[in-house]
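The same subunit A turns up in both complexes below, where it pairs with subunit B and then with subunit C.
Showing the complex of A and B:
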């Protein structure tokens, strides 16, 4: 199955499948490749079974500046948070009006990622080019905590799926840092790559395993207890790796996207690249696995299209 | 999860990394190259930009106020005004440099990518976009991409001139890329370029984006530390703050490491930058509170800047929406000035005093009058109008509501309410007020029977219905019997629907019968300005000021119009006059009610306007090349500093 949806006029930055509904997909986009102009959040419904491949827009929300990331709430099935180029973070409810139900503006620069706590589900993180990470509760008008430690843009801050207070971040300063919300300073720092680390994700099946992607074209697999060297290094992408995602259905399957305009899939235990998805015609920035339909993956790219499909390796 | 031995190991690894510069060799070389390039070719002009950012921010704010009368309509097309302004700005050098810098950056990105190796890159619209930026076929102005009618070739700019020697725009990227292959040892280096420059483009575009919310200091320092990295100085992991905490928790090995890195300047800069950020946070708090209140659909004071940014978002969806309901409790209560000296005056003389006095005196006299007799609808009505003139919209609404409560047939209080509600974006209430005007009018209440559509509830339907009522009312009094109030109401309605030519006609018709109504002249001028007839707008504002020289709003609008025409000196003089008048007004109020209670007016008032005036003055100073005076607008705000050179 392969379906395409055009986000006309808007270049895709991130996709996430809803944790509550198997058919719901959020897409964060920006106009003019995110360089200038506004942004749009798309809520899409993707059919399955006989309706497989049918993608409808449930609704869109427009924003003043480009959107770089989106994450669904883990407690409210209709709510989601966006990260914006103007430094703001907005909470939306798909059943309510056209404007956000909450807006936070503390970051001084672009917010590059937002991520909801998976264990306690009561808070979320934001990572910004202002070098900081902030912790938020949807009920508080101000951030709960600010984490400073990176000396360069923080590209992602992702909660551990196993521990309520642990998260990891990656940055332009070449490092990955492990943090505990109970402490203001990082618990662990890994010099992960020889260049900027643009993305990271936790393995859902092995507590301490983290996967990183970098400008140096490689993907590395780490055991956070052994920060001195990686468990594996996956090569194949021809340009910077923009996003890595560990499958929620398998401890060895990882998907990655890159400026080489492909999405690739890897077996991290063997280090092999098992598939290339070459259908996009611009930089591919977003990828996510459907939590309920274990053969379904979504990608988004600067070619203004969202792909929903079953990769060959999962058929 | 960690121990000191691991940190020791890490420290070693880190030091090795420093020395070896792990990663593509080209990457490191590129950093140094770029830094050198920047220095040779003027860099990206940080010093001027932060001020310009703020100036543009204010300009956008002011763009919204171009059309404001004593009770403001929001400009429907602030972008248009700002673009016009940007096109006419009298500092073409800086603007040109920004565009060149952007074009250079785009060019460098293209150079780093080898499209020949990749079919997709050849056909990529992003790469084509970069090419267009490089060749200045398109550039970023404000918040938009704008086609450049005259792509500028910068002399002395080696990248642009080199590229111009290449085949522009024909997609034969292979030609020039092969020239660069010798510089590129491996394709590996390419990705370093493309990603870092992509970010760089983004960062520098954001730097000059008017909507950017950064403090200028922070932006500067951020750039500083970035540049240092490029020069090969490895940054400490974390600023001083972190180092402090690290110190407390660790032992000697860590201490050594921390000290080594603390000597880098970047740590201090980051520390300062983070502190800046905290200051920003404090200022943002009250906005956040205001925002949360708004979720409950309470109207907010439009002088709140952050609110305005959101407003723009929401106004885009306003086509179907009806704006807000005026349920703010401040509309229900009128907050009287304490220690009002007119409370002991003879009540019979108060209205007379109000008519003769200056704005401050009028307001105090009227407040005394309504406190003595809360059923005096006419006094409440006058008080509402004076508060509109005083830039205190919510007070005006409160007073006007009292007027119609005391007497629903105090007809023009409904009209004044409609104007204030429209400025507060409470459109439903504005339409309701206009409808109430008609229903309470002895002359026109009959038209409600002949006009259809009273049941419609969408904004469009309400608008059409109420406009229909007034059009019908106008028909009953055609030609010489023309009723100026009906025309004013229509002018208001046509402003809301952006039918500015019609609004102009209506106001002009009303002015024929009321040539001394200075607020009407201002409305007329603002409508002309909105329809881009700047010179006519200026004439209208002058008429308003001839009648009432202390009418600050008209003076401010006049300054904006002058800026639109590139007449910065005149604009500055008008702004300085406005500030001077305002100071006099504040002093007068202080004298009358006593300085202990004459604190800053809670609703913004003239004081709130003052911020905008200073910011606009600052921008005008930059346009005149007087950054010294522009600085004063920021710091001492001392009018006397301007007296030597400006006439006011």
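Showing the complex of A and C:
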């Protein structure tokens, strides 16, 4: 199955499948490749069964600046949060009005990622090019905490799926930092790559395993308890790795996207690249696994298209 | 918007990639980066004629000490910051390892500054600089000196050759046997194989002498030369010993040993013309074209180059002379070893992604006029860009020193002309060619 959806006029930055609905997909996009102009949040419905491959737009929300990331709420099935180039974070409700129901503007620079707490589900993180990470509650008009420690743009801050207060971040300062919300300073710093670390994700099946992707073209697998060297280094991407995602269905399957216009899938226990999705014609920035349909993956790219498909390795 | 654009651009073309596997072309010409390996100082002693010239009684380590002192004094660098010194040398016993280390210690570098020798024949002085540049590039050291020294007066001849040599090796390989050819024979081979006649060689040699004489007269070597205080024996003590007069003894030698300051290249002769060169008899074959006039001189001298990353130079307030871009060495047939630069020049330009015509100045070591002319013709070089202040034919070729000496002369002349890209290149005995690209940043 391979379905394409055009986000005409908008270049894709991030995709996330809803944690509540198997057919719902959120896509964060920006005009002019996110360099200038506004943004659009797309809520898509992806059919299954006889309607398999049919993608409809449920609704869209327009923003003043480009959107770089999106994450669904873990407590409210209709709500989701976006990260914007103007430093703002907005909470949306797909059943309500065209404008955000909450708007937070504290970051001094582009917000590059937002991520909802998976264990306590009561808060979310933002990571910004102003070198900081912020902790938010949807019920509070101000951030709960600001985490300073990185010396360069923070590209992602991701909650551990196993611990309520632990999260990891990656940055242009080449490091990955482990944080606990109970302390202001990082618990650990790993000099992860020889260049900027653009993305990271936690393994859903192994408590301490984190996967990183970097400008140095490589993906590295880490045991956070042994920060001195990686468990594995996956090579294959021909340009910077933009996104890594650990499968929610398998402890060894990881998907990655890159400026080399591909999405690739890897077995992190063997280190093998098991598939290349070559169909995009521009930088591929977003990838996510459907939580309910364990053979379905979505990608988005600067070619203004969203792909929803079953990779060969999952057929 | 521009910051978002440059952010993405830096993801695609990152400044430094520590873990990548593909070929790195070296520092980019015209683009300044704090990672660039920079030359902060390049100096040389005068080059004097072997056996007869100003340094004939000076041991090589004394010459090396002078340039190492000059580097320290001219840049005011704290010598304890210099982590390693690499010295090119070809003829000294044990490669000059012990004497050079002694020279560095005498020159004010602490015991913590390590030192080693390198021998890549006539490219040794260049190889020393390249080795230090590579050590800095890989992060092995932060600051180093690449140097070269040779006293051909004291080293030339049988003392540089082993008492016993292999029989089966030259028998089993013609190329190996050709490594034992005299340099003059290889010059004759180049002249014959590639049709470089005596006339072309003498014309070029005259040009080298005339350019060198003019450059010397105009003081164009002043900034790069480190004057050396040393001793010079005015009589040939061998003759005195040979006489049956038993009163000739050490005291007599001391009397004839006078202190001198050598501040000029004394191989350069004024008034050399094509006509005067034409009269010289061939030196290596009776029907040959290579003469003492169109072959490099046997010489003594030393040179040193201080290197560090740009960010280190900025931090320490060091002068910025220029940037090391990249270099190559290519092997060629030993019997025509002189063609080396003709292979190395296009190879190094390709590596740096420039055309040969983009180079502003060449320091092309004139081992022989035959091979220099061959290289110029084969690479299509503009002779107005090659050895503009003369070359080894006029100035001399102290083997291990030459590569480093050429760097000093090159950077000096690029500065004088306000030009940017320079190449140091030479052939090597046993068949090799080396070439290195430097970018001038002096204003």
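What we mean here is this: the second predicted complex is superposed on the first by the 315 of 315 C-alpha atoms of A that agree within 3 Å, B and C clash if a C-alpha of one lies under 4 Å from a C-alpha of the other, contacts with A are read in each partner's own complex, and residues count from 1 in each chain.
In this text, a residue touches a chain if its C-beta (ideal position, glycine included) is under 8 Å from a C-beta of that chain, and two chains touch if they have at least 3 such contacts.
Predicted, not measured: the structure shown is a model, and the values here were computed from it.
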Output check: A:80 vs subunit B and subunit C. Expected answer is one of first, second, both, neither. What do you get?
neither
Touched partner set for A:130, first subunit B, second subunit C, both or neither:
first
Counting residues of subunit A in contact, which comes out ahead: subunit B or subunit C?
B
Under the stated touch criterion, which partner chain does A:153 make contact with: subunit B (first), subunit C (second), both, or neither?
both
Between subunit B (first) and subunit C (second), which does A:71 come into contact with in this model arrangement: first, second, both, or neither?
neither
Is A:63 contacted by the first partner subunit B, the second partner subunit C, both or neither?
first
Name the contact category of A:108: first (subunit B only), second (subunit C only), both, or neither.
first
With both complexes superposed on chain A, which partner does A:228 reach: first (subunit B), second (subunit C), both or neither?
first
Classify the contacts of A:259 with the two partner chains as first (subunit B alone), second (subunit C alone), both, or neither.
both
With both complexes overlaid on chain A, does A:218 touch subunit B (first), subunit C (second), both or neither?
second
Can you list the residues of subunit A that meet both subunit B and subunit C?
34-36, 85, 110, 129, 153, 193-196, 198, 215-217, 239-240, 259
Within their complex, state which residues of subunit B touch subunit A.
1-2, 6, 9-10, 13-14, 17, 22-24, 27, 118, 120-121, 123-126, 129, 140, 143-145, 187-188, 190-192, 194-196, 199, 201-203, 205-206, 209, 211-215, 218, 222, 225, 229, 235-239, 241-242, 245-246, 249, 266, 270, 274, 276-277, 280-281, 284-285, 288-289, 291-292, 295, 306, 309-310, 312-314, 316-317, 321
Going by the contact rule at the top, pick out the subunit C residues touching subunit A in the complex.
1, 4-5, 7, 10-12, 14, 16-20
Touching subunit C in the complex: which residues of subunit A?
34-36, 85, 110, 129, 153, 193-196, 198, 215-218, 239-240, 259
Subunit B partner contacts - residues on subunit A that touch it in the complex:
32-37, 62-65, 85-87, 98-99, 101-106, 108-110, 129-132, 141-142, 148-153, 173-175, 178, 184-185, 187-189, 191, 193-196, 198, 215-217, 224-225, 227-228, 238-240, 259-261, 281-283, 302-303
